[in-house]
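Below you'll find the structure I mean.
All chains are identified by letter, namely A, B and C, in their written order; residue positions are counted from 1 within each chain.
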Amino acid sequence: MANFVKGHFLITILATIAGLFVYFFLHLERSWEIVLVVGLAVLTMVVSRRKNLIARAQETCLQKPKFSISVFFVAAVAIIFALRSEHFALLMLTTVLLYITVCFGLTAQFGFVGLVNFAGIAFFGIGAYTTAVLYQYAAIPDFLIILASGLVAAVIGSILILPILRTKGHYAALITIAFGVLFRTFLEVNDTLGGPQGLKVDGISVFGLSFNENINLGLLGTGSSYVTYSILALVLCLVTFVFVRRMENSWVGLNMDMVRHDEIAAASFGIHPPSWKILAFTLGNFFAGLAGSIYASMSGFIAPASFNFADSLVLVSIVLLGGLGNVFSVIPAAFLVVVLPEKLQLIQEYRLLIFGIVVILILRFKPSGIMPRGARRYYPSLGVKK
Amino acid sequence: MDLGFLAQFFVNGLVLGVIYALVAVGFTLFFGVLDVIKFSHGDVLMLGAFTALATYLGLSDIGVAPGVALILVFVAGIAGMAFVGAIVCKFLVLPLRGAPQLNTLLITLMFGTVIRESVRLFYPSGSNPKPFPKLLPDNAFEFGNLTLRLDSCIIVLLGILAIIFTQLFIQKTKFGLAIRAVAQDEETARLMGVNFKTVVLLTFALGSALAAVGGISTGLYYQEINFAMGLMLGLIGFSSAVLGGLGSLYGAIAGGFLFAALQTVGAVWFAVPAYKDVFAFAVVIMLMAWRPTGLLAERNEERV
Amino acid sequence: MSLLSVDRLTVSFGGLRALDEFSFSLSEGDFVGLIGPNGSGKTTFFNALTGIYKPQFGSVSVDGNDVTKASPQAMYEVGVTRTFQRLRLVPSLSVFDNLIVGSQRGLNTNLWWNIFKRAGLRKKVDEELSRCSDLLSQFNPRLVGTLLSPVSTLSMIDRRRIEVCRALISQPRILLLDEPSAGMTHEETRMLMEDLLTWKERSPSLAIVLIEHEMGVIDRVTNRCVVLNYGKKIAEGEYQIVSQDPLVKTAYLGEE
């Protein structure tokens, strides 16, 4: 009983600390403050790693997944609430959450079945453009528009499935790179999609409550219009997280790992590698499309310039940086990669250069990433000594 | 559309084809010896062009004659990129031999980003396009609607010479033999006393030198270079090498011209010329679905 | 009717006939040794049989049903499993993960079920865990404790055992063993073979084909052996008789 309570207590503490870090990271503006927060976070990580606290904390959370998720969800909502009147901080938080969602999908593609997708931002963009077009031409509920955006991304992605299945390794990588570049060029020259100027996007509104207007929080004052979007993004991110984690910790994840490591051995034991590649690829693109849709509504305006090949590289960097295949690691990696350059003006200009160097160092010296992937845990108490 | 116009498209396509072939040959050489893709190749090309430009600016400051400058510009670009190619190979490609193949692609992709960003950030006003000096005679001959520029002809000739040189080097010299031996079977080549590392480094130097020729040619042709040109040219070179079949020299050359042909057809076909790249890449993706290992390469079965 | 019959099976790569009109049949309970010099087509035969290579000519049937052009997955479904000469386990995955892959046929891999029916999954995992423990304990009881550790932490012989167990866990009808003794000592090979024979006593209908270079092993465990040279069958019969065959002697001596 005491142990039971201790576990819950520990998780709560953990979520509080993480929440505070994220809050200050988003809230503070001066460069030295940001450096301080990040330094403190890194220091905490290093010290807890020394004392093996990270592994223990992770283990505790893994044993109580439902409780952990609820607590971290509450912490995230609390952050949003605390930032309710800060437009820029919320905008960044929402962007990070959407990037994380895309990266969960990329993890399923790259980390699970081993298909590297260099067109991540293109599928995000397909979702965004679908949303823009649907708002313009179709009168369907917002919820369906988001869903449709994900579906369109998945369907367009399926054009690439045949060439990707028939090719391997480098050849498959080339196909996604070519597609990413092709998509960007296409947007630029296509006049119906607004060309280089892009398109205006209507915001979401639910029951007459427009997501793009500031909301009245009663006694708590006025909330930024981004509050609703950040909550929406949070929910999407959470659902994707649970989905991908469950997929990993199941026979599906096992088969995907087999496909990534050894297609011949997999085939000899009845696994059909193409099916799993199609599943992971389609799911990943679907998630990217959903995230892109929310991004479009939130920004109110989209243009080809937001969907560069370099952005796809940033997405792949996030997935690699954290630890390929480790779903959790995407979260801190995305915060660092997306928010840090925005916060530190000094870095902003040099951000691609810095990512490039960091990823080179990671690949060269620690290819499994900062937080390497753990063993598959089919259910929370698997392997726990009673 | 009259014959003159078509001939014009053909000539322009020819120049592009030679440049693409130069890039593609590099990709195919690297793949031949190490089974890797060095994706920084396009950015090495761009760096070669910038090195040449900087050299030219330096030389013109001290008043070197344009003819001499032209040669020195090429020497600087080629030597510089050969060195960069060998460095990339030594510090980024060879150490990753045990890791999954894709890691090499990723690390060089990132290195390409580093080169690109470095030029953008650290070359004086590097984010703007730079005029490239006219070092070749720009006489033009008019045949009806066809304008044949002398510099285009020289570029084509130069590119073809560079490719023939590479081909002869690989076919006729002892070092070329070593390269082919390593490409065939690394283990056996080692046993036969081939210094594997030297051969690989030299191959990377050779391929990167060709990229420099491609970069300088691009500069001479368009009379303008910019920091981002390498990404697209690298991608096109990669696509060309893949179209021909990675590892095949003739395949890469054919792939380069094929890609230029696709772009030309795309430009003629669509009213909007910008669609030419969309068209070319779409066809590349389709061709890969049809012939996954390229149009000319043999199919290789995986060993079990 | 024989369990497996192979008729004039031919596999060629370019101009080379790696397997040349090879005919062979297997009945339930057989333990057949497949021997021959390096490059004589033994592994090629396994690859053709498991659908990894597509034969140019000839036929393969299991229980009289034609499976000549069947996919690897279909061959697994009819009950043919194998081990590989170079181990094909995934070192970073746990022993359990590696083993349970062999049991693919019994796993529900429907996405919906795997995501939403977690209680069912949990029950199934527990069942499979105990099945794997039982199986492992027949080969090396110490391995049961390593079920959730990565394969990379195990010794060579234990990895071999796991690969054999992966092929056995689905209770196949035909087991193809591709040089299980490679990289192991005589003593380790002996232990592995003893365990295999014990297993075979319990499931007498299992037919095994064993590729092996150690003739002592072939002599001791198999009841028949087939000799391949340059893709052709040059002899078949009991080891003691076959080993006296002049053709076989030349094939091996010519190799030396």
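Going forward, contacts are C-beta pairs under 8 Å (C-beta built on N, C-alpha and C of every residue); 3 or more make two chains touch, one makes a residue touch a chain.
Note that this is a predicted model, so its numbers are computed, not measured.
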Check your understanding: Quick one: most central chain, C-alpha centroids?
Key -> A
Review point. Which two chains does the highest number of contacting C-beta pairs join?
Key: A-B
Point to revise | CA centroid of chain A to CA centroid of chain C, Å | key: 43
Practice item. Go ahead and note the Å separation of the Cα centroids belonging to chain B and chain C. Key: 48
Point to revise | Interchain centroid distance [CA atoms averaged], chain A/chain B, Å | key: 35
Practice item. Give me the residues of chain A that touch two or more other chains. Key: 264
Check your understanding: Residues of chain C that touch two or more other chains: which are they?
Key -> 52, 84
Review point. Residues of chain B touching 2+ other chains?
Key: 304
Study note, to complete from the structure: Interface with chain C, chain A side, in the complex: residues 243, 246-247, 250-252, 254-255, 257-258, 261-262, 264-272, 279, 375-376, 378-379, 382-383
Point to revise | Interfacial residue positions of chain A with respect to chain B in the complex | key: 114, 116, 160, 162-163, 166-171, 173-175, 177-179, 181-182, 185-186, 188-189, 264, 309-310, 313, 316-317, 320, 349-350, 352-353, 355-357, 359-360, 363-364, 367
Exercise for review: Spell out the part of chain C that touches chain A in their complex, as residue ranges.
Suggested key: 50-52, 71-73, 75-77, 81-82, 84, 88-90, 92-94, 97, 100-102, 104-105, 107-109, 111, 114-115, 118, 121-122, 125, 148, 150, 166, 170
Revision key, fill the gap. Per the touch rule, the chain B residues reaching chain A in their complex are 31, 37, 92, 95-96, 99, 101-103, 105-107, 109-111, 113-114, 116-118, 121, 231-232, 235, 238-239, 242, 246, 272, 274-275, 277-278, 281-282, 284-286, 288-289, 292-293, 302, 304
